[in-house]
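Should a chain be cited, it is by its letter among A, B, C and D, assigned in written order, with residues numbered from 1 in that chain.
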Amino acid sequence: MSKELYASFYETMFKIRTFEKRIEEFSMKGEIPGFVHLYIGEEAIAAGVCANLTKSDYIQSTHRGHGHTIAKGASVDKMMAELFGKRTGYCKGKGGSMHIADFSVGMLGANGIVGGGYTLATGAALAEKIKKTNNVSVVFFGDGASNRGTFHEALNMAAVWKLPIVFVCENNEWASTTPYLTTTSVKDIADRAVGYGIPGVIVDGNDVVKVYEESGKAIERARRGEGPSIVEMKTYRIKGHFVGDPEMYRTEEEVQKRFEANDPIKRFESKVISEGFLSENEIKKIQETVINEIDAAVQFAFDSPFPAEYELYEDLYVD
Amino acid sequence: MRKITFSEATLEAMREEMRRDDRIFIMGEDIVRQGGIFGQFKGLSEEFGIEKVLDTPITETAIIGAAIGASLAGMRPVADMHFADFMGVSMDEIFNQMAKIRYMFGGQTTVPMVIRAPDGLIRSAAAQHSQSIEAWFNNIPGIKVVTPSNPADAKGLLKAALRSDDPIIYFENKDLFRQIGEVPEDEEYLVPIGKAKIVKEGTDVTIVSYSIMMQKALEAAEILEAEGISVEVIDLITLSPFDEVTVIESVKKTNRLLIAHEAVKIGGLGGEVAAVVAEKALDYLDAPIMRVGAKFTPVPFSPTLEEAYRPKTKEIVDGIKSMFK
Amino acid sequence: MRKITFSEATLEAMREEMRRDDRIFIMGEDIVRQGGIFGQFKGLSEEFGIEKVLDTPITETAIIGAAIGASLAGMRPVADMHFADFMGVSMDEIFNQMAKIRYMFGGQTTVPMVIRAPDGLIRSAAAQHSQSIEAWFNNIPGIKVVTPSNPADAKGLLKAALRSDDPIIYFENKDLFRQIGEVPEDEEYLVPIGKAKIVKEGTDVTIVSYSIMMQKALEAAEILEAEGISVEVIDLITLSPFDEVTVIESVKKTNRLLIAHEAVKIGGLGGEVAAVVAEKALDYLDAPIMRVGAKFTPVPFSPTLEEAYRPKTKEIVDGIKSMFK
Amino acid sequence: MSKELYASFYETMFKIRTFEKRIEEFSMKGEIPGFVHLYIGEEAIAAGVCANLTKSDYIQSTHRGHGHTIAKGASVDKMMAELFGKRTGYCKGKGGSMHIADFSVGMLGANGIVGGGYTLATGAALAEKIKKTNNVSVVFFGDGASNRGTFHEALNMAAVWKLPIVFVCENNEWASTTPYLTTTSVKDIADRAVGYGIPGVIVDGNDVVKVYEESGKAIERARRGEGPSIVEMKTYRIKGHFVGDPEMYRTEEEVQKRFEANDPIKRFESKVISEGFLSENEIKKIQETVINEIDAAVQFAFDSPFPAEYELYEDLYVD
């Protein structure tokens, strides 16, 4: 692996973290409206997976979609503006956090419907197969989402038609207030691959290099026309389910213990430094650039106008 | 009378009825540990145990399907939908199974169950977490649809639903959950299903409304009264099949009708109410039947757009004033 | 002009448009080997290959979801629902994704796809295979809903749908498939979406109808004309958003309105049409607005009950006669 | 196994076969309205499975439900009347073939929605668990139905709550006009059990004794509170998908070959005779009794009146 790749992993993860921290702050203050779900602690997954993709590949995201959007290459300016509900945002203020999307980079949308993305991603993969390109489609989903019927329908369809798609599970052990094992009949969601005759692998989702490598194999397999895989990333949800969640179902202590031991960014930082890929100085520099970029995004969002009333009627029908 | 929130009122209804009838149990997402997103299930798992208060997987299809199956096996399930917006996931179960089982099996069984479905706009929750979709169900025979507009009705109506042998969808507006009001402590306080309520009498115009929009209806009535227009306000309460008689009698008296709901105006329940009146009381009408509802777009996120989308008191007032020109 | 069946007319539309635009492909159950239950896809897999004509698993959710996804990736999918009754299975995809994607993503994309949904009563197919559910979709902004009433429109309207950049639900009545009629061979014969058609001019009363019910509307018109009542008959064609102007202009001329559809009357599309007229043309009405539709029950199986359920020509005739009393 | 049990297997299978042949005849002539799906060739499954059940156990059936209904103990008189659309039928003529049900024997309904039964059966099992009975629930489903999302949702829910339910797959290799392997991503649907951490077994579905034994184990497991299983019955659809199906997708020859080699009734007949459980005479007698019963049912249906118009409005609401 190259130094550039490592630097880019770091940059992406740090950008997501920084973005999310600012979002948390503005959401807490009520300046960002609507429901906001943070990706803090899971950055390695989006960063690692998307590093295998080009702009002509697709991703389908979840309600927890900022990380995926950033990793796929979206502009943080337009993201930030969207989250503030401004007309300069990706969706002109019509979408917000749960409906962030950037079609220009193949990011087909966050989704407010848990499990809503599987079949859409499958359709995008089908389109590429019909068009005979070698683009792939990746769908992110949570442990909770793995129990939706759409999981089954999409996987069966993708497997039977050998579509170029990868199902990336972000198993963060929680579905809102519910520990996943109380509602999910298997410990490892990757086990479900057996039911579709496809590979299912388990990956340390807080190790960006492992994420990159293992999802990369599944993505390459899909590109070669060999069909779908499930790649299960083991991780942990550090923040409340949404900003403002009173988290009555677990202790702060428990969470902090998990985080300290396993913060994907800290882990990667020590690794790259100890292995000599990046110096502390280089890391600092990345950090500074990113912070400036996010600050500028915040400024852009602040400076942008809210949509006007007449805009309500735009973008409904084409014809 | 003591005052409690709408959310507490529904909780009281659940608690009282679950104590009274041990066939009632409840299933939904995030109700055990969190007690529901709006606190509407708080403490139920402690009192009734997790055998009777079940945190389900994220599977609205199975939640409704299992509720139906359990009702066939003699229980009286309550299925919580989290957000009414997610009912599309279980639409097949709702309209092809729940609504039809009693009828298509020739009355061999009843399907006594209640779907609780929090609906409506709430703080920029956007396109998939803000909808009011009650109109669909008016075209589906075999279901009853009800919705309260205040804490007292929230309790009495939910209790009536829990005692009914028919499958019932109970829409509860998300923004109403935190509202406070007087609620009877009487355990036999029931709001009858199938009956509309004349909340305010008047002689010049009838406003038919329900759920959170009742507040704007009453607000508009007050403004209009100040200007000398006497307004009768009807809370529909049961949306399907709705109480035609009360509406028609009122219009025969006032000769004018406006229907207001938070749901999208076009294709909304207001159309059905208007059509019934235009068929059965046309001769009594002295002005066009008007409807106020949300604009014909998905629910936008940005606060400015959400506000533009939302139906307003002013539209009711202006609509009614135009009837007198 | 040569005569072909309604089913062949839709097949011709598919064939011509698939030849014209290679982004069009089709997915559904039992279309490759059987060519569709009503023969409406016969020969397509042979001509376009099984890459473009796909037999899916029994997964209506994935069929619609995949069609949406493929449309986002630049294709123009057609998703066959087998029976409109199964749309409940994919309701979430239809109303929370298909209808909203363009809007909630701020116009970043189009969702050019067509859902084909055979609906209506057919030889005792009973509760879950006989329904007409178009009314639901009138309350869902972001979708266009169309339905032809004859072979020529079946072709021209499907072609227009296939060329549209908006997501379209194309309801096609099951009993119409075998009907024969003149169909233009012109490949540019398109029936415009959004426009109602005055099929028969008249001066005393307007009947608004669509799909198979148009036949009863025209039958009723003939009977009434014989008795001296001049009837204008409008085929709505596009059900959502529907062509208000044509309807209102007609009512302003005839001063009377009856709406007829095979779907359940209560909560049906007729309510919306009636409400629009009662709001925008009330002063022109000389009689109550009447509606004819199916009875308020699930569709029963037995032929005697199915007949009792079905809306009839006589109801249209009697309804209109009562307007002149 | 006892002679009585074997006799009852034979009687049930023969009753289903005889019933279905008469139905086919009347449906072809148009005297029975609506869609009719025949169970011919699959009789061993319903007969074998239901022999493990009492009237307080439940079954949920499919569009192909006559066999299940008979095996669960319903009266053929009322079934026949229902199929003819008569008011003396189980559903007073409101249901017909796709909605046949007999709640008095725990038969909770055929279902016109493929895959519509899973979640209902799961709910019935949940009810019994809450009530602390030891009743079980059995849901029959086809290979085609195994791809519906409801399969996944119900199995996950049943497994996580350890509900007393058995999922019986009738893999007859066809879903309407479609060979199951062209739309199903696994050869053995029992493999999908892995995804729910439950047992999945494969059984020769044309061997009534094996069906009885293997489904019996799963049913007993469920009764003991150990949770659900998938039991996959391998069989073959002998008749067209529905009566009147032109069957353009396979040859008559192919079908006949499969049937002759594997008719579950013929197979069982030779077995019981060669093993000395029943004599040819005893079999004849069973046949005669059954034929008389079905003849009487046909007569009952013929003699019964159609529902009157006013009955349309009955049975909609209770209150």
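What we mean here is this: a residue touches a chain if its C-beta (ideal position, glycine included) is under 8 Å from a C-beta of that chain, and two chains touch if they have at least 3 such contacts.
Quick caveat, the model's predicted, so the values are computed rather than measured.
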For chain A and chain B, chains touching each: C, D
Distance from chain C to chain A - Cα centre to Cα centre, in angstrom: 40
Centroid spacing, where centroids are CA-atom means, of chain B and chain C in whole angstrom: 30
Distance between chain centroids, defined by C-alpha means - chain A, chain D (Å): 45
Contacts with 2+ other chains: residues of chain C: 56-57, 59, 61-62, 85-86, 89, 92-93, 96, 103-104, 126-128, 141-142, 296-298, 300-301
Sites on chain D at which at least two other chains make contact: 91, 93-95, 99, 111-113, 147-150, 153, 156-157, 160, 182-184, 316
Contact graph of the chains (line, ring, star, complete, other): complete
Footprint of chain C on chain B - complex, ascending: 85-89, 91-96, 99-100, 103-104, 126-128, 133, 135-142, 240-241, 263-264, 266-268, 270-272, 274-280, 282-283, 285, 287-291, 296-298, 300-301
Residue numbers on chain B that touch chain A, as the complex places them: 29-30, 32-34, 55-59, 61-62, 85-86, 89, 123-129, 295-298, 300-305, 308-309
Contact footprint of chain A on chain D as seen in their complex: 147-153, 155-157, 159-160, 182-187, 191-192, 194-198
Sites on chain A touched by chain B in the complex: 33-35, 85-87, 91, 93-96, 98-99, 111-115, 144-145, 147-149, 175-178, 182-184, 248-249, 306-309, 311-313, 316
For the chain B and chain D complex, residues of the former touching the latter: 25, 51-52, 54, 56-57, 59, 61-62, 64-75, 77, 92-93, 96-97, 101-110, 141-142, 144, 164-166, 193-194
